[in-house]
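Chain nomenclature is as follows: A, B, C, D and E, assigned in order of appearance, with residue numbering initiated at 1 for each chain independently.
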Amino acid sequence: MLTVENLTKRFGANAAVDNASFSIDRPAMIGVIGRSGAGKSTLLRMINRLTDATTGRILFEGTDVTTLRGKDRRAWQASCAMIFQQFNLVPRMDVVSNVLHGTLGKRSTLTTVFNLFPKSDIHQAIDILDRLGMADHAPKRAEALSGGQQQRVAIARALMQDPRIILADEPIASLDPMNAQTVMEALRRIHEEDGRTVLANLHTLDTARRYCDRVIGMRDGRIVFDGTPEQLTTGVARDIYGAGDDFSEAATSTEIREPALVPPKVVLPEFA
Amino acid sequence: MLTVENLTKRFGANAAVDNASFSIDRPAMIGVIGRSGAGKSTLLRMINRLTDATTGRILFEGTDVTTLRGKDRRAWQASCAMIFQQFNLVPRMDVVSNVLHGTLGKRSTLTTVFNLFPKSDIHQAIDILDRLGMADHAPKRAEALSGGQQQRVAIARALMQDPRIILADEPIASLDPMNAQTVMEALRRIHEEDGRTVLANLHTLDTARRYCDRVIGMRDGRIVFDGTPEQLTTGVARDIYGAGDDFSEAATSTEIREPALVPPKVVLPEFA
Amino acid sequence: MSHTADQLETTRSHYLALIQRKRLYGGLMLGVFALLLISGFMLADDRNAGGFWAGLPNILDFPADVLADTLPKLDQLPGHFLTYLPALIETINIAAVSTMIGAGFAIVLSLLSTRGLARWPRLISLFRRTMDIMRAIPEIVIALVLIFILGGGPVPAMIAIAFHTAGALGKLFSEVNENADLKPVEGLSSVGASWFQRMFLGVLPQVAPNYFSYALLRFEINIRASAILGFVGAGGIGYELKNAMSWGLGKYDEAAAIFILLFVTIVIFDQLSSHVRNGLTHKGGH
Amino acid sequence: MASVDLYASADRLFLRKRLFTLGLPAAILAYLVYVFFAFDIPGLAERARWDNAQTLTRDAWSHKTHVTRDNRTGEISAAIEGERKGQYPQGTAPEWVTLDGTTTQVDLGSGHAVYFLPGNGLRYEIPGFGTIEAAIQGRKVVTNLTGDIPGWISLSKTRLAITTPEGRVSLTRNKTEVFNYFPGWELFFFTLKSPYYGHGPLQILFSEQIDPTRSNIAGAWNDFWFNEMWRHADVAWAMFETILMAFLGTFGAAIVALPLGFLAASNFSPFWAARFGIRRVFDFLRGVDGLIWTIVLSRAFGPGPMTGALAILLTDTGSFGKMFSEALENVDEKQIEGVASTGAKTIQRYRFGVIPQVTPVLLSQVLYYLESNTRSATIIGAITGGGIGLLLTQAMITQKDWEEVTYYIVLIILMVMMMDSFSGWLRRRLIKGE
Amino acid sequence: ADIESFNIGLLGGENAQDRLNNNECLRAKTEELLGVETKLFAPADYNGVIQGLLGGTIDMAWLGASGYAKTYLSDPEAVEPILVKVNNDGGYGYYSVGFARKDSGISSLDDMKGKVFGFGDPNSTSGFLIPSIEIPEATGSTMTSGDYFGEVKFTGGHEQTIVAVNAGDVDGGVTWADGLGEWEDGYNSGALRRAVDAGLVDMNDLVQIWQSKPIPEGPIVLRKDLPEDVKVKFTALMASLPAMDPECAYGVLSGEAKGVMPIGHDAYEVIIEARKLKSN
């Protein structure tokens, strides 16, 4: 279905993604982990064509999407939805309109500019919002919502695109644990119920283990791990994160658990 | 030395300071505590003559300073320095110039307007800055400094006035604990080494207890407590702050202490 | 805490040297500025037909002439107001249309020349230079050229003002754009939105209040510009004012009427726009 | 699935949004249509003189040389742009003119040749068309043209005019005239009188002394600077005069407006009536445009840069007064209080509490106006004052010196852009740096 | 009373540079003669010079007849006429000439009924004042738009009128000419001639439809307040200029002229009366 072949992205001398290859042959929920700067975002942005690859190919059902231009490229973007850490909604617009933006790739510019979305689209947007428990917020401005709600609107927008693949770039990094859980569960449900592929950058190991069928680990732009959550032992994680023996998984956790398990770490400032 | 007699300040119907009397007979470091709106700032501002009293007298060595006008009033202000919560420096001017503003009351208008301060003043300003550990910052603009550094510049300006009394209106309220400690220690040192009276509004009990010889408690404009830190029991504090039994001193603390003493409070969110 | 005496001495001398340098530069700059101002004044005074000091007592001569001509004919003023109302409306129309058209071009130009939004990032500096040049050309230059080609009337003025407005607003708009949040734009990119859709749905809603407030300010400026262009043959109230003024005694009452119309219009739109702008910025404040 | 209610409310929401997104453009469109007819734009195409546009664009980058025969005296003269200043000395002509006693041949290029024949005759050989012969007989023009005459030939009993891409020829009883067009601004550097005419920069710099009385550089500079045709010295002075007006007007206004701004700011001026009065004065100064001020002032001060500068000064005093007082009303009280608590006098409070914080704001406003006033000064100069604006309008009114118009326009644009970057540079230096 | 400087005002109508250029010799001679600094001023329009004369900032100018009338009406004590230019034919008048495009079929004022008529500058004698009085006499109705002519406009100046008629913006207009020489050349001098020389119009395309009675050439005026000896000296200089320095006179008097002759206020009474008529 989706095959990434020797994909490389260089920013100047620095290779953000370095010769990455992997392949997805049937719908799955896949987590991409790695520490900050490992190239996770760049990888996803290249697949969505927000960033152009330096070399390498991304094949989707036989077509190389890295070479698409203009209309074709936008059509590909339409079938490959992206969810961002910061939601990237239009804050001053209402929720339904934000969801309807998912149809921009299909609709003519004029329609969208004059708000002439077909009634069926509007109703579908409401249905999707309803599915994510957000129907009541439909007429509100996006900026009036909490982070978790905004991210659900972003997921609704993604669903509105009726995509084959959903790319999610740290979808829960700016959310509190409760909202994070709601959002991850929504993504999982979409994968399971609709059979869509979800490729999510995650910055915590336990989330990846809990929700994903397969985990890809990146380090310094290279793919250093690709396997099931079970294969992702603490030793492997240490390699991915390039951490020493003092590496504690808990440090990357956002799981909601008993407070007793997490000893608070307090920094003692030196007195002057 | 300084005697406040039946001092009252009314803003419309509201008495910000209500018939306050107290007296200081020898140099001391005095803390004024009380909750927000109790009238602490108004009291200090009346002493410095930034605000005019409605009724009552403030006697300094026999002179009623509330009736001073023009030159005499400015002379009094020069000998009674004020330090503000927001530092109230001139941010676009360099540190030394800000300190030199402390001499404005003494120097002629003409020279100062053209920024022509005597060399001896400049040297003294640098000496004072040095005493506060700020000499290295002398040529920087005030706005380029951190909050704690700015407050030390403000103290330097106060010292430059060579004042009999230093009034400090919540000098550490906008500072982080470390800077707060540096500033309070500087004030204490000035009191001890120079024998100047320091009258400081403080919004935390423990600071008052730790640095002051005497504490004045205000509530709704009236002085409700006047005694040594030892006399300031939790019960008394409760009265001053008008709090119920759930009053916890720790809530007002800015002290830096061992983390173990403060059990971390974790809120358990309900699961959706 | 404190330094050794040596260190302190260096700090002192450094600081003294610093303020001496500052004083020197400051004094020098002030001196040069004062010199420029005074010598400029004297030069201009010398090149003027009448000197400044000699002319000062006569400063009210002209208004006195106008008043002397107008006061006996006060009853005719309302009639004049009516006569010149169409010309005034033409002037306002010129300003309004040119502000709209200019703002339209300014929006496109500013989006094309803002990093992160530009359709063709390589051409950013080209569009910037274009705006600089559009801004630099005084309206009167374009108006005069166009009057030669298109004949007198409102159209040359409209085009001239719109041209200048596009450049002037374009610069202000691109400053607004710089501060726009790019996240929504990226969000729209990811769904396959075209450049136009990204700008219209992702950027414009954010910047619209600021655009509007700048455009209003410009509208007020353009009313003046359109009145001035009337002076060189571009129609509207300025043209009538010039005719009445240059006739002189005998038609000063008409000139006065036109002047009052123009003045009142400018003041009304000035107050109106500052009111609306205040409202906009305050609402945008939180 | 979601309820019907939710659908309905979403539908209503979009109906409202559509009404707005369609209504606003529709209203604007309606207004534009009204203006379209009010300004008679349909009639514009008819009125527009595209040939004027052609003349303008052609003249902007090219020049013409006139070769004229006075048909009464038979005298032949050649002059660049037909002006006395561009006249070739009697008996000489450019090399494409062959003076040959009775017959004069003018070679227009591309095979076009014009002959001034004896007896006030004229022959024009046009490749691909033929030869036109014409002469004055008595008071009338007679030609060999018969049948349909093409549009580029204008013929009446008393006048013949032929316009081809190579040039223009006209014949009347009084004179026969040929215009030959060349690219470039002729005589831009040196007039024909100057010995340096026709010499390149390298020649002037490195070759032997051309004029025995002067060194090459000094002589060339003198002849260039005092070029009678382009008058570079006067143009430079006019530009300077324009900048001078802007400079004096802007900074003069700033100096006047500063104290007035204090009097109009509610936190510095205790007298309500004074505040109100001064603000109305600001409104008045601003409302009466600089243009009107120019007219009013030119009675008292006469034409000249001082009048223009004062007009800018008056208008900008209004603008600055308003802006300054607003800036002063927004000052941060904390700084003033800090200074006041040390026992500072009022003036010291202003000096250290107010001035440092308002200076950057005021300065940047003033510098911004400096650039915009350079443009205003151009316009005011065009109306009465002087400067480059006057040169420009006057050159335009004569409607023939389009190359000079182009020159002035280029200079004005450069001047304004220069002032723009200068004021920007100063702003950055004074406000950000220091 | 002595004067500190002497300011010469130059009327518009020509390139400002050329105007300054043409009058530079006069400036130099005046400076030499009077011994005070002499400056040239070239404001953009008639009004600039007139305001200067009224305000006392300009000492000498060569005004149009209507301009003189305006100055006189604003302040009778401001200026006095001294000299007038005499044409080659010995007269000191010129004409206001009405003209139209030949292909419009208009050949007389009668054909102009209901058409658009263009004046030049409102302060111009031949471009507005005289035709605005003599044309109504000829047509028997007023110059109000819609009365006889369909519309009456100001084009702003002589050049603009010629361009406007030629372009069809207005159907007919008025401008000035000396009435000597041939129509096809645009006469010997005048605005039409300049337009022809500049290649702006082809006189074959235009026809004359009206001509005024002779209009007195505008006077060279001096400010009345000037000291008597300055007036005398300057008048003598101007009077002898054509003989002394023909090249300079050509520039100062805008072309060929026989010379100048003294003239007084009386010669302009008619114009002044005409102007009064046109005021509110």
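Methods note: a contact is a pair of C-beta atoms (placed from the backbone, for glycine too) under 8 Å apart; a residue touches a chain by one contact, two chains touch by 3 or more.
None of these values were measured; they are calculated from a predicted model.
Farthest chain from chain A, judged by C-alpha centroids: E.
When each chain is reduced to the average of its Cα atoms, B sits farthest from chain D. Distance from per-chain Cα centroids to the pooled protein Cα centroid is smallest for C.
If you average the Cα atoms of chain A and of chain C, the two centres end up 47 Å apart. Chain B and chain D have Cα centroids lying 64 Å from one another.
In this assembly, the C-alpha centroid of chain C lies 18 Å from the C-alpha centroid of chain D.
For the pair chain D and chain E, the distance between C-alpha centroids works out to 26 Å.
Residue positions of chain E with contacts to 2 or more other chains are 7, 9, 41, 45, 47, 51-52, 54-55, 57-58, 160, 163, 167, 169.
Each of the following residues of chain D touches two or more other chains: 47, 49, 52, 295, 299-304, 382-383, 386, 393, 399.
In chain B, no residue touches two or more other chains.
Contact residues of chain C toward chain D in the complex are 33, 36-37, 40-41, 43-45, 47-52, 55-56, 58-59, 61-63, 65, 90, 93, 96-97, 100, 132-133, 135-141, 144-145, 148-151, 153-155, 158, 224, 227-228, 231-232, 245, 259, 262-263, 266-267, 270. Residues 94, 96-97, 113-117, 119, 122-123, 125-127, 129-130, 135, 138-139 of chain A are the ones touching chain D in the complex.
Taken together, the chain C residues at the contact with chain B in this complex read 1-3, 7-8, 11-12, 14-16, 18-19, 23.
Interface of chain C with chain A (complex): residues 181, 183-184, 186-194, 196-197, 200-202, 205-206.
Residue ranges on chain A touching chain C, taken from their complex, read 48, 50, 73-78, 81-82, 84, 86-93, 101-102, 104-105, 109, 112-113, 154, 157, 161.
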